[in-house]
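I have a structure I would like to understand better, so I am pasting it below and will then ask my questions one at a time.
In this document, chain identifiers A, B, C and D correspond to the written order of the chains, with residue numbering beginning at 1 in each.
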Amino acid sequence: MDENFRQHISGLKKGTIKLHALESLLTPDDALTVRRSFISEETGVSLEKAGSYSMDVSRACSKNCENMIGAVQIPLGVAGKLKVKGEYAEGEYYLPLATTEGALIASVNRGCKAITRAGGAEVRIFRDGMTRAPVFAAKSVPHANEIVCWIEENTGSLREIAESTTNHGKMKDILCFVVGTSVYVRIEFSTGDAMGMNMVTIASERIAGEVAEKTGAVLVALSGNMCTDKKPAAINAILGRGKTVSAGIFLSDDMIKEIFKTDAATLMEVNTRKNLVGSAKAGAIGFNAHAANVIAAIFLACGQDPAHVVEGANAMTTVDPSEGGVYVSVTLPSLQVGTVGGGTGLDTQRECLSMLGCAGGGETSGSNSSKFAEIIASAVLAGELSLLGALGAGHLARAHKQLGR
Amino acid sequence: MDENFRQHISGLKKGTIKLHALESLLTPDDALTVRRSFISEETGVSLEKAGSYSMDVSRACSKNCENMIGAVQIPLGVAGKLKVKGEYAEGEYYLPLATTEGALIASVNRGCKAITRAGGAEVRIFRDGMTRAPVFAAKSVPHANEIVCWIEENTGSLREIAESTTNHGKMKDILCFVVGTSVYVRIEFSTGDAMGMNMVTIASERIAGEVAEKTGAVLVALSGNMCTDKKPAAINAILGRGKTVSAGIFLSDDMIKEIFKTDAATLMEVNTRKNLVGSAKAGAIGFNAHAANVIAAIFLACGQDPAHVVEGANAMTTVDPSEGGVYVSVTLPSLQVGTVGGGTGLDTQRECLSMLGCAGGGETSGSNSSKFAEIIASAVLAGELSLLGALGAGHLARAHKQLGR
Amino acid sequence: MDENFRQHISGLKKGTIKLHALESLLTPDDALTVRRSFISEETGVSLEKAGSYSMDVSRACSKNCENMIGAVQIPLGVAGKLKVKGEYAEGEYYLPLATTEGALIASVNRGCKAITRAGGAEVRIFRDGMTRAPVFAAKSVPHANEIVCWIEENTGSLREIAESTTNHGKMKDILCFVVGTSVYVRIEFSTGDAMGMNMVTIASERIAGEVAEKTGAVLVALSGNMCTDKKPAAINAILGRGKTVSAGIFLSDDMIKEIFKTDAATLMEVNTRKNLVGSAKAGAIGFNAHAANVIAAIFLACGQDPAHVVEGANAMTTVDPSEGGVYVSVTLPSLQVGTVGGGTGLDTQRECLSMLGCAGGGETSGSNSSKFAEIIASAVLAGELSLLGALGAGHLARAHKQLGR
Amino acid sequence: MDENFRQHISGLKKGTIKLHALESLLTPDDALTVRRSFISEETGVSLEKAGSYSMDVSRACSKNCENMIGAVQIPLGVAGKLKVKGEYAEGEYYLPLATTEGALIASVNRGCKAITRAGGAEVRIFRDGMTRAPVFAAKSVPHANEIVCWIEENTGSLREIAESTTNHGKMKDILCFVVGTSVYVRIEFSTGDAMGMNMVTIASERIAGEVAEKTGAVLVALSGNMCTDKKPAAINAILGRGKTVSAGIFLSDDMIKEIFKTDAATLMEVNTRKNLVGSAKAGAIGFNAHAANVIAAIFLACGQDPAHVVEGANAMTTVDPSEGGVYVSVTLPSLQVGTVGGGTGLDTQRECLSMLGCAGGGETSGSNSSKFAEIIASAVLAGELSLLGALGAGHLARAHKQLGR
């Protein structure tokens, strides 16, 4: 190893160099090499594979990851083609899915086949807005009331302040919630093609400052957990966060039989007893079969924040009886996605977004992230269909015949 | 490109070769090359970076990922050292964290510093058991009652049947829940160092068969969503799933001031108004600041299932007043981890597990996965501390002085 | 017994007279006598006490209760005086409480004493609107989207239709929520001094008819459970239903010691570990000690719907540290009350409402029901204070001293 | 008015006599008269009707109600007969219902008619145990772990201690839950024919004392809200509290048409879109139409605690397709009832319990409260059926025909 490297490693060991300071002393790749060597020596693990990467780390180590030592490789596969009939996504897509769970892609693939043959998933975005909710302390209940009144009377000026911090964001709504002396102000923004957390946080900070100054409210935390970010929460399932998307498909009795080896009554029974009644009894926020699996796999492939899988998991799956078949849908109330910023600029992730035709900013602001959301909802529908079908075919169908139900 | 490859690509285009059939015709690496080339041509995206990987794909493409075309690279950094005082993890650890969210690792690092200087996180595992809950249809309410009675009277023989399917698993409990004619049977297993979903599913299938045969119950779905897998659910927050772990640390007033630039009263106020009251008002299952971030980053680094971040997100963070400082804790009711199986055998992931000294099976069955769980809980504690401190310092502290509270 | 009565009883036994038809054949009191005698003979129970009532049954049997046989008597006591400083309620009140739970009134009384001596409960109403949410079936996801768009574009005309059905009601909001092909339209009304369910239901029926006609949506149920009426639901805890009210009080250290025999730190610890952390761990919608007890007792005394205790129970209680004492609050997000209609016109109930100075319609529409809501919130605060104090004094205080915490 | 009375009233006004002291100076009836007169003069309300009661107040004023001034009269009606086929209730019953909500009894009555004609409600009790959950503070996470281990190792001796406090109660289970330094110990008792809260509380106090002494745990509150009493909570919906009861009935297509003027497909659609999907979207704990209405009306009639309607409201209603009709069920996970103690001994309430043949203690301990619970579940089923039928008939059926679905 290079003598220069050894000196730096030695400095790390003695504590004369801080682990995070290497990028200021070396090129990014060298900084990674030195840090990785140090960690390798400290832990006795080679880290050779983690050190073998093709990404441009100069971006990654400045924007995405501190104390970087390399990269983790997640297997990447494809499912599809999946036909999507949305307002932004129109066409057939190969889905990039990064996963380590065997059988997941095969399962999604079977769902894609059914959807595509049935004419394509019908998708719509019902709501779109990223939120942040600072919490303030009031001196008393009447003071809390004054704060709320002031905010409601000054929405216009707060909007101006908020929008002055961003080129793309528009404030859509500002909602106040009070618990005793705690005032939660949920600020909602449209954030174009970005997932938008940073944008909203910056704008919220300015709003919070103004509220504090004008009302005497004390800002306790820029996020008061009514946003709600990265925790399962009914507020997101009800009011939405990020994009609220539904995808649906009519499947004929013939297709159910041919592709899923089961029938309409069985699909409905599985969905009711598992996704509706079972989830209800479990006290769940999430009435689906395995939406999180599909969301996680696309999120990883496409550079989304994997902690947002939490909110994606609150999806609801329905199976309606319909003349000659069933109408199956999935609704994702809080899908948080972006095609710019975050991990979307990393090399492999950008390739995956490109496969879907939605890397970077859209022709009109927000069109790429909307397209991406429509595709994800359709992919989740494919996953739900396939698992419901498998459960139905494997177990219930035979019994149905036996019991004549 | 190799002529042989072109022929296969041509076959894919004509449909004479199925996309998933390539591994049966070519070596794993060649199969990936052909599939990637085909997708590249279909989508017009180069996929060069995704095609640059160092992992051994023969394992990945057979066990982890169908229709594989390469790998996604996630930036990998480290935080620490973090001192842990558990029953399985004893020592100081560098944490491998795979993330694309700038500032996350820096934040965790600051928490690690505080914990380590304060003597190390005290960690305990309170419960350990993976669950699966098939749902059965009964003919009537009395029939549902008969089914439940039969199961409760035959727990012993059901245990024998279950344990005959596995070398490592032990059935810990079997709980019945009834909603009208739906009977949910939640089966809990200790699963050694494996996360254990497959093990439990196989055992549950055998149990389900026996129950159906002996009681006339109709198996509707092997998972009836009372497991609950990959959906946020109160049942997991209450009864636990996987490992239930708590980590705690006493921080003196001096250390709060020095590391976090704030004080005990402020930390408590932030935690109460944000993590307790704010989450409560949001209808959350998850009373924490950003547990999902830390869990996701370790899970990705160490080959865990990213969809299980959903259940990890139901953590609860507390800050107790204590003589001369505060006692801060985090409790993870449903942390699902393994050190064998799943993505843990992939090259980069195995290196990361090795950094923590818990790759593969432990000396005694379960000791490695328990050690891993203790480290994760401590890391989550570091993340919570750091974010609470930042919120407190940035905003609340000044106001506290102004208002004399 | 009167021969005429015997003939009617005989008719009931033979089935020639229907049980519900008696009021069309006899005076109200006689109808009750005959029906009671019949039931008495059928069941072998005297029902003498149930037949001894002082209420004017002509109103009750036509508006409140079918197949009436008499009245149940619930013990009625008083607590207070309770000093209230609201926007509608200003003064000191004796609280009428109907209960069978020994010690409840004594407990509320102690809370009243503390509040009154501390200067009176500060109360504010943050939101006021009764809701109804019909559910419609759409043909597909795109159709659901069209329905929502139509409603959002036609809010003005829907408001006109809604308000044409009522003299007092004003439509405040109309929110659409979609799950696949189910469209929930949550209509919110201000309803003056009436609790307002009937008013909103009638208006909703008209709106629903219009929506169905114009969009092809199929009305499935006038209440689609997103109202949410008489079921615990996060939507009510978040968005409110009926009146959202908070009451708060500052208690000095001296008063805590004198009245509750405990101290500020203990009150905070009880509230945090019980009402916040305990409720969170239980998966509760309701972070209080016993709000339901106080609400039920006032509701019964004052002719409110006892099934609405369900929504009242989602209250949240907080105890903030404050210079020289604590600030204690309770927030009731969904308190559904009226001073006209329902059971408020019954004799004993009207007397109880009169005790609070809010029987019947207020001077300005809604002022009486608002006053009533403010008094209830203050009474709940009294109950919370008292129970927290008792828990703290009985158990924790001694231990605090022992452990020097 | 009697001169003696005037003197006491005068004493009350001057403050020389405390309001609650009257019973120690006068007979119960006289105490009520004086107190009522005083309140009447203070408030300017006659309270004549509240003062007209037939109950034996000597019992009420000592056991049920402090500061008693009279009684509230709630209209009492009947529905039925309702045929019940349970393990404890076998036969046809007239249901006593105390309510002020017009149309409720008529609605329940229609449901009773359907159930009785269909052969009677099939009812079963799946679980029976009243709970109390003290919360303790531990010094640290490891201390919390020690406390839990000690409890789990000493269940036998804790049972002995618990059962020494009662003649009727048996400890069924003791479950520990930990959140950081808070340890919740949920103690479950079978309580015979009593609702059992007092019994369990007394036993819990003894257990808590022992735990504190032996482990150094600090008892913070005898109820730590994981009981969970009188707050809606997932833990009760999942694990049950009081009695867990299901009732079911098969309705043929003919009967659906004849009694409810609708059809099987419509009933299923209403239940799915309203009770399952609508409740899920609302973040509800409670997947029913109006269970709380029926429970409240029976509870009031029969002397139960009206605040327990909160937990009764978490019922779940299902409608299964079945050969030639539907199977409708309702499941009440946490029905808290007693036939001795509380308000059950009051005169009118005792008459109502007698109408059902379950006043007082049963022949075998618990048989009367079990019978009562079975009847209530059947009555709730009647209410659900009727409302689902009405919703279906009124709105959906016509549309179904129009759309040919």
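The criterion applied here is as follows: a residue touches a chain if its C-beta (ideal position, glycine included) is under 8 Å from a C-beta of that chain, and two chains touch if they have at least 3 such contacts.
Which chain is which protein? Per UniProt: A, B, C, D = 3-hydroxy-3-methylglutaryl coenzyme A reductase.
Source: prediction; values computed, not measured.
Listed by label, the chains that touch subunit C and also subunit D are A, B.
Among the pairs B-C and B-D, the greater number of C-beta contacts is found at B-D. Taking the mean of the C-alpha atoms as each chain's centre, subunit A and subunit B sit 17 Å apart.
Subunit B and subunit D have Cα centroids separated by 39 Å.
Residues of subunit D in contact with two or more other chains: 137, 177, 179-180, 182, 234-235, 238, 269, 277, 279-283, 285, 287, 316, 318, 405. Viewed as a contact network, the protein chains are fully connected, with every chain touching every other. On the subunit C side of its complex with subunit A, the touching residues are 122-124, 126, 137, 140-142, 144-145, 148, 177-182, 234-235, 238-239, 244, 246-248, 250, 283, 316-318, 320, 327, 329-331.
Of all residues in subunit A, those touching subunit D in their complex are 234, 237-238, 265, 269, 272, 276-277, 279-283, 285, 287, 316, 318, 321-323, 404-405.
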